Structure formats: structure tokens, C-alpha cells
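Some structures to go through are shown next.
Paired with chain B in one complex and with chain C in the other, chain A is shared by the two complexes that follow.
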Partner chain A sequence: MATDADEADPGEGSGPLGATTDVGGGDPLAGEPWYRRYLWDHRVHAAVVVLFALYPFAYSGLTEAMPATMTTLLPGITVMVGVLYFGLFAMSFDFVSGYTGYLDFGHAAFYGIGAYFVILVANDKVPLLDPSTPFMFSLVIAGLLAALVALVIGAVSFRLTGVYFAMITLGFAQVIYVLMSNWDYLGDNPRSGIAVNTSMHPEGFEVGVPFVDALNMQIASANFVGETLSTELAGHVIALSAPEVSYFMIGLVVGFCYFAMQRVIHSPFGKVMIAIRENEERAEAIGYDTFKYKMGAFAISAFFAAVGGALFAGYRRSVDPDNSLFFLVAGDALLAAIIGGFGTLAGALFGFLFFEFLGELLANNFVSRGGESVPDGLLPYLRDVLGEGTLSTTLFGDVTVRTVLDVLFNGRAELYIGVLFVLFVLYVPNGILGTLRLWLGGTVAKKLPERIGSRLRGGQADPGPPDD
Partner chain B sequence: MTGANYAAGHAMQAAPLASAVEILLDFLDPGTIIQVLINGLAKSSVFVMIAVGLTLVFGLMGVLNFAHGSLTMIGAYLGGALVLFAVSPSMGDFTRLGAFFVVVVAVLALLTALGAALEISLIRPLYDRPPLYQILLTFGLTLVFDEIVRIVLEIYDIQPTTKWQAPLNTRPSFMGQESQRTLDWLFGVRVDGMQVFEIVFGFVVVVGIWLFLTRTRYGLYIRAGSEDTEMTEALGIDVGQAFTVVFGLGVGLAGVAGALLMWDPIRGGASVPLGADVLLPAFVVVIVGGLGTYRGTVVAALIVGMTDATMTWLFDNHVEFAGLPELVVFLILVIVLIVKPQGLFGVKEVGGH
Partner chain C sequence: MSLLRTRGLTKEFGGVTAVDEVDFEIDHGELCALIGPNGAGKTTFFNCLTGSLTPTRGTVEIGGSGSWRDITDAGPDETARAGVHRSYQITNIFSASTVLENVRIAAQAHGRGSLQPWRNVSAFPEHYEEATEILERVGLAGSAERVASTLSHGEKRQLEMAIALAGDPDLLLLDEPAAGVSSESVDDVVDLIEEVSADHAILLVEHNMDLVMDVAERIVVLHQGSVIADDDPAAVRNDERVREAYLGGYGADDPAGGEEVGA
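Showing the complex of A and B:
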């Protein structure tokens, strides 16, 4: 990274871009413009982004080729949209809790603030903001509002540590939860949530650059509300359903937010956050005003949590207290962050992806594909594959294969996730990405290309110059 | 809501001060005060029951048991199943009560065993890790427990999300809904048998645990271990064993609370969501009292219970905000943590990083 190199050799006498002799063993992009260096540094990130971008096409291709197997195995696009916005929320949770070590059990409050705010703006319930305010504006304002709330909560909460911090944030979040689920200004029945007024907003919310029509697409979970797309590219017709369009648009926002948070983590500010986690007294002794850094991290994290919530509500077009503000929503983010790797940022999203993959695998649904009913989930899939003969085979007593399968797989995702989570806490405390990092000896983005590079060159340690 | 109350609610908006005085005068009516006091005591008993196990475990071991709510829920179902097994319809009231106490002892024993097993197998490997991991582990356990209970309920065809009605029929006749009496000699206060039972039960448990902690040798070990684990160990006391016993006891007490709530459809009732419903007030009580202090927990349960009862009265008569009691309970938590971060009776070192 450019900043790292600058800090590493301040005495070389060469300009920021002219660091020809590098400590890391040959900087391949010395003298290149910053954006090329940024791209080169982020080639693993770029690969992941490309994989995510290709997923809808791979999904539709694979499910067409092998409907039953692939529908069962792969999470559908609507689920993947959820992975994106909730993944953003989980990453924002990891941003504050994984990096500063302060467990924010009330993080759901910020997610809920984002979700409620965009819908209230759309329903003309927020003073000063017109219901026609572009979604992107209300999304950013929601984030700023959440950051402001975070500063208020943080001002009193950061005097506490450990369990007490977790509990006071939980207390604040529950106060907001109770308020929002009983305040009848919000809607007719606040306890069961609020929905977008469809007569005011018959179409989906637009994500993109506000006021530039060509750079906007609508997000919605249903085709009749959202936008579908059909273009011809090199002789192939590419048709995208509304959830697929939403997947890309929400993915853009989530990707942008990820890189913003990642940038903060790798900045000097982020280093102080880590220092606070490792040893707050020492960080203070060095001269950092840790309180300010904690407040900053909390506000940034709240901002992105609210953006995640806003995307969630914008996509679903409704929100209720239990799926946004309740403390167990933050619990889900915690599970995702731990499984993915606490303090790895991207790990939280992968952790949640892993969850949803498990949940989808263990679902018990049938979906219609091409006019045919196709099993979506392991139980219907196994029933389909094994056939009646095997299913009614008696194992012992009056226990048949069917009963065993029912007991094992019928809607048991939570059980397996719980067991898996306990096992992770006991045996893989660093999570998926964290363990990978330990194994590689550095962040995946940095070390993986080196590893692959050295393998390709037959054990040579340093990465050679790029091919161009 | 009656017309007069509705009008009072509107008057409040018109002239806040005058109506505040009006509400206060209404509240100071002896009938109202005694009613709120009795309701508050019953609530406090429930609060102390669900919180006491949590505080014992935290006091000695510094482990915040997130599975406490789920274990209360398991206690409720287990108690319900056992009481259905033990009580036959032809039994008299006092035989039923006796059967209930047998069931309570059985639930205590079974869940204490479960708790001890959990401590040995899962919690023990985590003592040398940051406290975060104990929270995480017990949080994961709630998922597993809730799902296992759901599986069992599915087998027996019981709805997991609605309150389990069957065990309610095993209550003695002086505890049911129809047992409510209006006491004319006490300003027309309304009391039902369940409330009286809860108050007595809570009192007995509080005194019992207090005697255990202060009058027995093992209680002495536990108090010593809470003060200074290393010193206690140096004096030749097996603190590891005390950890197992206390964690088991904490879980057992959660189960007893569940068994009590199983008979009370208003404040509890066996259902899977009971776990989360119970966990939050238990946290509030334990934190407000000061994590790990027994006296603090009892006092905090009284404060929270009385406040809850007062706010419920306020909602019933003057304020049209259904979430008021719940809201104020969490506000108590927040305010206590701001004003006195260690809780009312807490010691500074416990529970920090």
C-alpha cells in the first residue's frame, strides 16, 4: 500500500512514487500512478468482486443445467441480496467490535434507524424531507443520523468497558426498540412494523447517482415493483429480473462501503483502533486520546450499519421492530462476524454468506422453475432422489429412513448453526478468514497473491515484476 | 379504558402540571398504593428468581451466561412435563402443591446436573480466554437449546411459540384466574393466589440462598472465591470444583424460575420465546444491582419490580403508551450505568476487561 511504503522509508530521499528500493523485496509498481497501484494491491478484492458479479449468471446457468441439485445447493438471488445488505451490517459490527474490542450488543439500533428512516421519509413522516427525496439522499442522511445517535450513546457508554459496555449499549438499543414498536405516529400498528406507502411510491427505490436517470436502477424484491433489464450484448440476450438488478445495485453500494471501511482500517486511525483492542492503557500512554478514537470508530460503524439497514428496508419495502431493532439482530451479526473471523472486516460478510448457505441448504421448500416444481433444500431433494422405496425402508422398530431424514433436516438450520458456532468458539476462535490469515501470515489480500506467485515460479519467495 | 380515564389522558396534554398532580393524587390513594405494592412484590419475586442464578455465576466466575434465559425456558417445559406426570385431576389442592415442590426439586436437580456438565465440558476450556468468548459460547448454546426444545415439542405436537396451556390445569384451585379476590377490608385491593404464591416462593428462595451463602462452609468458599480466586486457591480450597458447583446451581436456579413461571400465564408461561423475554429483565436486574453481588440483585429486583408495577398502573390508568413499563425498565439500566457504572452494590474490578 502506498501509505505503508511512504512510512516505511521516509529517509530514502526519493519521492513518494519513486521508491525504487523497497523493503518488501521489489515493489513491482514503483513509479506507476496511484490508481494502478491501488488496483494491483487489491487484486484479490477485485477477484472477489468479479466472482460476486458473475454469481447471478452462474446461478441461472447451473440451475438450468441441473435444476434439482443446484437449486438445493446454491443460495438463490433473493438470499444473496440479503447476504449483501446484512453482510454490510455485520461488517459494520465487526468494524467497531472486532477492531476496538468493545462489544456493541445494541448495534441493531443503528440498522433499525437506517431501515426506519428511509421508509419514514418515503411515507412523508419526517419533517423537512419531502417524500420524493431520492433514496440515495435519505440513505446517506439515515447514516448521518445513526452516526449522531452513536455519538450520543458513545459519549456515556465509552466510559465503561467489557460486559458493562455491552450491557449499556444493549439497554439503549432496547429503549429505541420499545419506543419504535409502540409509537403510533409511525403507522397504524407500529408493533408489526411499517411499509412503504405504495400509492406514493408505486415503483422501487432508485439506487445510483441521484438526478441522473441513466445511472439509476430500482431495487425491489418483486418484478412488478422493481425494474427488470433486458439488453443484448455480443449477440446474447441478458435478461435480469428485479431481484437480480437489486443484487447488482445493492452490491455496488455494499462494495463501496466495504472499501471505505477497509481504507479506514488500514489508515493510521485504524491502527489506533487495533491498539485500543490490544491494550488500551498502552495506547493511552503513548499519547492517543482513545476516547476520541472510540467515538470516531463507533460513529463510522453506525453510519454503515444504517446504510445496511436502509438498503434492507429499501429492498424489502417494509420493516418491523423485530427484524431490525431487536437485540437478537445484532446477535446474528455477531454470529456472522465470529464464524467469518472477528476483526477481519470482510470475514463478517463471508460468515453471513456461510450461514445463509447452510440455511438454504437445510430449507424445506419447493420452487417453481420453468413451470416445474423443483426442490429447494436438502430434505425435499433427498426425498426426490431417494424415491419412495428407500424412504419407507424400515431401519429398526417403526423408524423409517423418512422419519430419520425428517428429524435431521426439517427446518433445523438454527440447530446446526448453533452447534457449528459453539465448535467455532471452542476450536476455531479466529474464524474462517482469521485462520486463513494466520496460515498465510498476513492479510489475504496481500499474502495470497504472493503465495500463488511463488508457487507458480517454483518456490521463489518474492513476487516478480508484473507482466506488462 | 373508561371514559374518565380517556379524558384524563387528554387533560394531561392540555395542562401537564395540573394532570401530573392529579395522577399523583390518584396514585397516593391507599387502595392504589397497596395494589401497586402487591403487584410489584409479585413481579420482584419473579425478577429475583430469574436473576439470582445469573448473579451467582457471574459473582464467582465472571461468566455472563447468555444461555440463562433458554435454561429458564427449559426449566419451564421440564417442570410442566413433570407436573403433568405427577398431578392427576382427582388430587386435592394441597397434594398438588406438594407435587409441585417435588417437581421443583427434580427440576433443580436435573438442571444442576446439566449445568455442571456444561461447565466441565464447554465453559472450562475458555477460562483463560477473553471474557468475550464465554459470552459467545453461551450465546451459541441458546441457539442449540432453543432448537432442541423445538424438536422435542414438535414430536409431542405442542406449539413452541404460544404459551403451553396444559400444565395450567394442574394448579390448585386457589391459584387460577378465578382465584382473584377483592379484599374489601384492604381498600378493595385485588389479589390472586398466584401472586401470593410467587411472593412467598421468592422470599423463601432469597432467604434460602442467603443462608446457604452465609451459614454453610461451601457458601463461605463461594464468597471467598468471588473476592479473590487465587488467594482462595492458595488456602487449599478446590476453586475448580466450586466453579462447577456454582455454575450447576446457577443453571438449576434458572430452571426453578422456569418451573415457577410455567404456572403463571400472565408473567411467564412455558414457550420458546420465554427465553429471550426472561433474559433481558434478568440482565437489567443483575447489572443494576451490580454484577455478582447477591444483595444488589435482591434490591435491584425490588426496584425493577416496583417500577414495573407503577408503570403498568400508569399505563392502565393515565398514559396511552403500551411500552411504558418495558421502556422504563431499560431506562433504569441505562441511567444506573451512567450514574453508577458498577451498579448499586457493585465492586469496581468485576466485569471489566
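Showing the complex of A and C:
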């Protein structure tokens, strides 16, 4: 992965970064093999993938160098795993709601279906499917099942528009939520969720290519369940914990799903989705059976939502109605999509990353690092840095610095996120990625290299082939 | 065999009969105008033709190779794919998309690829070519990359027409193409309609009498949902019932008149 990306990204200053190809326009890579051209067109994507791939190494390096500061600032690997699978769910939400304009408030139903399905298969609760079914198979079947449910829900819901559509999808999701909370067949206490039967599955689920041992790695949040990795590369020992292995394997699936969804968005089908969002009446008048396209988009989005849910449950090895099927789960996806940029796909993941970054920053935890207790969050960090002397300083009356810090930061993460959400809706309505696109005048993948290129050549933007 | 016909087309809203037993026919290459005072049922008739409304009684049929195809119950999308396209009185475009994409997406509706989500949109250059051709035709080629919402009103009217032209319709239904267009730009609209009528049949609803008298080869007059006249412009102008119902003082002996009666 890294070598491919190196080829795609000549790096700043190492070569002329030309304009990407236009439709029918000047093509700097005419005659080059298709994969070179593909990577060249996607060099920004490749760079983002590389950044994500390097994150665990950067994290461990930085936290070792500056334990307190970096642990406070940077989200840990377990949090980043969540960013990946929930980011996929948020992107699938954006896929249907951001691109067709139909707000699916019941999207959590598909996330929950994916999560429940893989665990029920593993616990031998699904007829016809053996508990030893490879995780990747049950993940795909979970997606297909969710797509089927989406077609049933969509057949009724797409008769409505606007707020009525949002309400009816929410209604469907709540029906599924109540059903799954009370169905005894699922487990002993369905209201508090179900967990993987550890005697049947003592090890983590395998993500990769089914039946090919070398191409599979287990995912799990704990070392004693999942797979760890230790290898030597050029004299350095690279050791990966189970969450780190999970981060890479889940990242692979999420990355694959992102590119699949992006492919659909850039297809003629995706253009019809956008036309429906822009003006459904006219889309119909120019000859599109919009109902059919909306159903298709809904099913595709449900598929990927369920894949996100399946990864979530596979990693945590348990699921409960409130963290998967509850309507507020879709609310989190909506928030992430709006903060990241509605109708930008990748924005939803970045929006959620931003969210989690803030949540982590404002947390009040200590983690153990190298046998020492290190603050993880702004409040313990400030207490640590300021010291007892400053903390007990009286400001006025019996109010000390410690009281002020407590009032400001203790358990206030959600308050600040709420305030931030309001500010975003008011002042950054296009979200992070949407605003960046407006500023660049096009998609980031296309315009950013042009910008950097013209900067490097002193304001002149002429297309040129990669210099390698 | 003509291009499209209606037989006893009737649309009732509760007790109100908006379109009343209309028998109408339009032939290939014809440029026909549909006029009538406000509330005469023109737009309802239009909506019955395009499938936005389902008629209470009667039929709409498209003439094909030797047989009539009933499209009475077809939705707007089916009607469009059958070759009947419309433009809107109130500009109805894809505002956040580029001008080119507005027309390209319309061209795509009649071509390949819409149901192939795994192909890139650039794998279908014919949609881009058709859109570019149409933009040249309506005079918007220079604005292809602009976002549609940034166009002026006149340009939006041109784009409205361009979208309707994509997919090479047999019959073009134009709903007040000159609505809100300044008097000096009306000539451009007239030129465009005449140019387009060279290879399309057109049914035109328009309140601007000068424009109608100028371009139409045939005029159908609706009054209270019924057809009261269907003839060439000169004959319609002199028809006693039409003058009574609608035109007021506008007549053959008043060559310069008409502006006041327009809207």
C-alpha cells in the first residue's frame, strides 16, 4: 500500500504536480498504463490513506516522546478504530441523505442489522448459516440483508418526501429497535444486548480474504482475544497490538467501501441521485423514474451501513440495542455528516474524526503508559501541568483555580460539541470538506494538487506528466 | 398519422371542469400555439399531456410506426422517454449543478449508463457531446462550466429550453418560454423557437400575443376548458368567439395593437 502511494504522490517539490485530466481535455498521462493513471488521478486519496496508515506509528512515537501532551491531544488507537467503522456508517448515511436529499432518520436500523447479524451467525442463531461461517461472508450477507430490508422500508417511505420521509423511516427504525430489545430468541437478556459466545469463538473474527490464512488478520479490542503482530523490518522491531491490527484490517474494509461508494457517486447513476436532490420534479420530467433510483441508492447505502455495523460488532464482540439500533445513533451520523460536509461522502468520516478528537480532548481520564499513569484529556492535563500550588490559588471568595477548571471541563465534552454544532450550522453550513471545496473551486482530489502545483511553479498551472 | 392526439380529454377537480372534452392533434414539424385567458385550462391540459396529472376521462396517444400508443396513464418520466419533453413557465433547473451538467443529465436519460453504477460518468462521452451541441444551439456554450444558479434570468430561460431539447424529443411543449424576459430579449426567444421548430414539433403556451402571432403556424384557443377555435393565426384573429372570449380589441384592423392585451 505504501509503495503504491509513494508512486502516486511525488511529494511536494519533487516534481511538477500537474492538473488532473479533464473529460476529453488534455491528458498528461496518455499512453501510460491504466493503474499509473488511476493512482495519479487519485493521489490526494492515496496521500490520505497513507496518513491514516502512518497514524498508529506516529501516535506511539509521539506519545513516547511527550507522554502527557500527546496522549491528551491525540485520539488513541481504540478511538480511531471507532472513527473508521462509525465513519463508514456516517458516510453511508451521507450517501443516501447527502446525495438524494432524503433524510433517513432511521439509518441506525441498517447499522444495527449488520451488527446483530454477524453476532447471531457466530452464536448459531441464524438458520442455514453455520457458526463457523467466515466473518467476511457473514459481513457481506449482513449487507445484503440490510439492502433487502431497505427495499421494503423504501417501497413505503419513498411515497413521501421531506419531513414525512424522515419521520416514517424513524418509525420503521424504532419498530426494529423495540422488536430486537424484546426478542428472547436473541439472547438471555435482549434488552441489554448480546455478546459473542466465547466458547464457540475464543479468538477474534478474521478480516481479509476468506479461506486464505495468510491474507487474514483477527480483529478485537483486547490482546488476549485478538491477534498481535511482531515483525522485524530493516533492523527495527515493529510490534502491533490487537487494536492496532484491527485498525489496519478494519481500515482496509472501510477504505474499500469508501472507494466503492465514491465510484457509484461518480457514475451516471450517482449523477441521477444528485439530480434528484437538486430538483426531483425536473429529474422526472426529463425521463428518470426517480422512485427506482431512490430505491437503488437506499439499498446501496443500507448495505454499507450494515458493513459498518458488522465491523463494529465484530471488533467489540457484543452489541446492544442502544448502541446500534437506537435512533440517536443515526443522529450521530447526521451530526458527523453536517460537520464534515453534507453531500461530500468522505466529509462524514472527517466530521466524526473531528468529533472524536474533541471528545477525547475534553475527556477526564488517565491511561497507563510504560507503567506510569498519564493524563488523557484536558482537565487532568491542566491539573498535572499547573501543579497543586496554582490549583489551590483562590481567585475570589472560596473559588479556586481548581473549581474553575472543574466547572469548565469536567464532563463538559457534550456541551462544547453541542455549542460547536450550532456554530457550524450557523457559520459553516457547508461543513469542513464542503467549505474546502468551495474555497478550492472543486473537489479536493482534483483541485488541491493544481493549487500546490501552481504555488510551486510561481502561479503557473500547466499540466505535466509525473516526474518519475 | 399525426404525432400526438387527445380524444375527449377531460380533467375535473372536484366540481370544476378544467379541461373539457378536448380533441387535439399535432403533426410532425408543426408549430402550434395554445392560447386562452387565465384559467382557461392551458396548464392543466399541458400537465395531462406530460403525465403530471392523470386525466379524469379521455385518452392521450402517441403516433408511432403505424399504430397509436396510449400514454394516458404514463408518468412524466415515461412520457419524456416516449419523446414528449416540456419546459417550465417558472424556471425549473438543477440550480447547484453546472450548465453543462444540467443538459448532460437530461441527455443521459435517453442514452446508456444510468443503471451502471460501476462505470465512471466520463465513460459515456456521447452525453457530453450532445449537451455541448445543444448549448451551442441555444447560445450558452460560453457558460457551460458556470453553476446554473449564477445565470441571469434570460440565460436560465435558454437553459430551460436546452434541458428540454436533450434527447431529441419528437414533441416539445414550451410553457411560456418568454415569461419574464425583457422586451428586447423576446426576439432572441422568437429566433430560438423558430430555429428549434425546424426539426421538432412544438406546442407553445404563451401570453405574449405578438410572439404567438409571429411564430405560430396554427393557434388553438381554449376557453373554460374547451377548444373554441383551431385555425391559422389570421383566421383565429378574426374569429368572433375568440375576440369575445379573450382578445378584446385585438383584431385584423389593429395592426400595431396587442401589447396591452398581452399578459
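Observations, loosely collected:
FYI, the second predicted complex is superposed on the first by the 442 of 468 C-alpha atoms of A that agree within 3 Å, B and C clash if a C-alpha of one lies under 4 Å from a C-alpha of the other, contacts with A are read in each partner's own complex, and residues count from 1 in each chain.
In the analysis below, contacts are C-beta pairs under 8 Å (C-beta built on N, C-alpha and C of every residue); 3 or more make two chains touch, one makes a residue touch a chain.
The model shown is predicted, which means the values in this text are computed figures rather than measured ones.
Superposition of the two complexes onto chain A shows chain B and chain C fitting side by side, with no clash. After overlaying the two complexes on the shared chain, residue contacts for A:D289 are found with chain C alone; chain B is out of touch.
Of the two partner chains placed around the shared chain by superposition, neither chain B nor chain C is touched by A:F95. Applying the stated contact rule after C-alpha superposition, one finds that A:L179 touches chain B and leaves chain C untouched.
Residue contacts after overlaying the shared chain place A:L426 against chain B, while chain C stays out of touching range. Contact with chain B, but none with chain C, is seen for A:L170 once the two complexes are overlaid on the shared chain. A simple residue count on chain A separates chain B from chain C, and the partner touching more is B.
In the superposed pair of complexes, A:T161 makes contact with chain B only, with no contact to chain C.
After superposing both complexes on chain A, the closest C-alpha pair between chain B and chain C lies 14 Å apart.
Interface of chain A with chain C (complex): residues 23-24, 263-264, 266-272, 274-275, 278-279, 281-290, 293, 296, 300.
For chain C in complex with chain A, the residues that touch the partner chain are 50, 52, 75-78, 80-81, 85-86, 88, 92-97, 101, 104-106, 108-110, 113-122, 124-125, 127-128, 163, 166-167. Within the complex formed with chain A, the residues of chain B that make contact are 64, 122, 125-126, 129, 131-133, 135-137, 139-144, 146-148, 151, 276, 280, 283-284, 287, 291, 321-323, 326-327, 330-331, 333-334, 337-338, 341-342, 351-353. For chain A in complex with chain B, the touching residues are 101, 103, 156, 159-164, 166-168, 170-172, 174-175, 178-179, 181-182, 280, 327-328, 331, 334-335, 338, 407, 412, 414-415, 417-419, 421-422, 425-426, 429.
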